[in-house]
Amino acid sequence: MKRSQSAAPIALLTDFGYRDHYAGVMKGVLASIAPGAALLDISHGIPPQSIAAGAIALGESWRFFPTRTVFLVVIDPGVGTSRLPIAVETRAGVRFVGPDNGVLSLAARAAGIRCAVRLESTRHRLAKPASTFHGRDIFAPAAAFLSRGTPLDALGSKLTRIKPLQLPKPDASDGAIRGEVLYVDAFGNLITNISRRDVARLQSSFPGKQVSVRIKHGAPMKILSTYGEARSGAILATFGSFELLEIAVRDASAATRLSCGVGAAVVARVAPS
Amino acid sequence: MKRSQSAAPIALLTDFGYRDHYAGVMKGVLASIAPGAALLDISHGIPPQSIAAGAIALGESWRFFPTRTVFLVVIDPGVGTSRLPIAVETRAGVRFVGPDNGVLSLAARAAGIRCAVRLESTRHRLAKPASTFHGRDIFAPAAAFLSRGTPLDALGSKLTRIKPLQLPKPDASDGAIRGEVLYVDAFGNLITNISRRDVARLQSSFPGKQVSVRIKHGAPMKILSTYGEARSGAILATFGSFELLEIAVRDASAATRLSCGVGAAVVARVAPS
Amino acid sequence: MKRSQSAAPIALLTDFGYRDHYAGVMKGVLASIAPGAALLDISHGIPPQSIAAGAIALGESWRFFPTRTVFLVVIDPGVGTSRLPIAVETRAGVRFVGPDNGVLSLAARAAGIRCAVRLESTRHRLAKPASTFHGRDIFAPAAAFLSRGTPLDALGSKLTRIKPLQLPKPDASDGAIRGEVLYVDAFGNLITNISRRDVARLQSSFPGKQVSVRIKHGAPMKILSTYGEARSGAILATFGSFELLEIAVRDASAATRLSCGVGAAVVARVAPS
């Protein structure tokens, strides 16, 4: 096997943090089984055990990676319980490996699930009795074998579905979209569940009217095209890099300024004429 | 030299943190001298100047990496003093480069020391007067030359021994093993110096009796096979991913809940019948 | 194109932090466009929006990387404003990609600017309307195309100059050099703008006299050759790994001990005879 030509890239996403050696140990396993594969860290700083934050990070990331990439995702509050370890193949070409707890579901659904299997082949894992480190012993080996070209169905038996993640959906009625903050990034930007398409649909129902946005009980704001249109220190609403409505403060943290976090109510509404 | 075939992987472990460019500069040196080598970050977040934490992280990591891996370890409170810069070759095949302050000793001993040298060859370091950055000027070049195939003894003269790290050993007597917490990981799990083998030995001396575990003055606990056997929020004892007894709290931090840290007393004892 | 031979390494330096997936998404873009390129993280932990800290980190790092390295630098408080996205080719061989806000200037000047262009070719970016994530959509693609061998002038039109960064210069007069702290590293070391060469020049004007250093109103200190010459806990002055005068505390944080940060006054002076 010609390594540098055929081993697919492996992208890592975990909540292991950067203090311990746990992510490093997984890289050792990957490099041992798939020596030619490029290892690409997405993040190991997902808030501990936050399945929703991991699912959003993966959902916003996967389409920017090479077609054959294998995503190794370990955000796994249920390690040691009955949740299944799985691998997913998609129509877009990317593959996903991780626990079946919803963390893979946003990305896998967007990429188009072609086939999913339960990881159960003992030939494709490290032999450890009663392991509590599935990232090392089950998920990393599976990802490395997929990178090397092992077919998905060699890893285990087929599943008919994977567990979905239920993110709160915005509610559109009466000339308004009622959503909420899904994610707060490290700059303090508040990313909502209201998409550019949701707003375009609202706008097309009320041609000629302006849409304004409020967070909690704040003042209504226009939606700007870029951060640069706001003055330094001003609160603003714009569509972020992933086409979701974002509330931000130019050159500062909106989370701090507005004392808002995940779950805060955000409403987009056509202005009364 | 065909780079992608012959340059061995280099794994990095430091206490440099993630804010500064110091770990990055070492990668530049590695990529300059050994351009084909895979660079694998284990962690740069070891608690500053904590030789014991670094030694444990390395001791738990090395066996999961490819056989030829060169480990570049820079946890070096004594930089600029008389401690020696060294490189070690092992029977297991892996190589270690770092300061001779004990940080390499757990891993090197487990891998079987075949030969150790003092890094003194001026042809295999960056020329800097009175450098205080040995990671960049001495250790990274040595690791890169080993990765490229430079023989160990070209780097300096042989040493008869490397400095050992004295970790506290558990005491086994009177039907009990008295140990302590060695390491607290980022999830707040308390990793002790009592191994699965220590407990098995105790158990075999008292057949049919149950072993229970206490930390400080807490209630006795059975040893569970997996985290999943405990209820959310419960304190539990189990063997962790590295076969050492761990005290954890399901879905929370044991360190916070029990106000325990490195050095806290842990006892495994056969229950009175 | 033979990837492993010709794709140049790409070194990443950002203030994105380690919690979000933003740096990871850039790696996906890089690996998609330049699949054979080694991706080398310098740091993603530069203090948010600190152009000076990023410029110093890059200025101290670039010369330790391979000659053909492309540096992808995204510290960009002005994203969405009129600041230009640029790429720079140097006489030393390295290339720089980032915003024209001064963050590239210390390194680019030291490496010798041969040519700079404004990134404007739509064929060499990701097509996104009103993007606020230039790292992903403009800078990463440009870096990846340079790594693959795309000539600089294919990326956009030439610029006659790039924006300089004005760092405070030390003042030398009356047998003294008056400088200040430029940067505080993660160990609490205080790195000043007084270079070894500045001090050598002072010394050569006053042969036979000793130079001593004071920070704020502290006691005068001799300049030591290494940290090891100081006792544990002692305040010391030495030339750091980048030939700049550093104030440190052996085995502790000088920033904490002296309550000093960026801007604190530091004076090197010949001792009265």
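Note that the chains take the letters A, B and C in the order they are written out, and that residue 1 is the start of every chain.
By definition in this document, a residue touches a chain if its C-beta (ideal position, glycine included) is under 8 Å from a C-beta of that chain, and two chains touch if they have at least 3 such contacts.
Nothing here was measured: the structure is a model prediction, and the numbers come from that model.
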Copy pair chain A, chain C: interface residue numbering same or different (half cut): different
Turn needed to bring chain A onto chain B - CA fit, degrees, nearest 5: 120
Gap in Å, rounded to a whole number, between the CA centres of chain C and chain A: 32
Junction residues of chain C, two or more chains touched: 4, 18, 41
Complex contacts: residues of chain B adjacent to chain C: 3-4, 16-25, 27-29, 31-32, 35-36, 39, 41, 48-49, 77-82, 128, 130-133, 136-137
Complex contact set, residues of chain C against chain B: 4, 9, 11, 13, 18, 38, 40-47, 57-58, 60-62, 64-66, 69, 185-187, 225-229, 238-241, 251
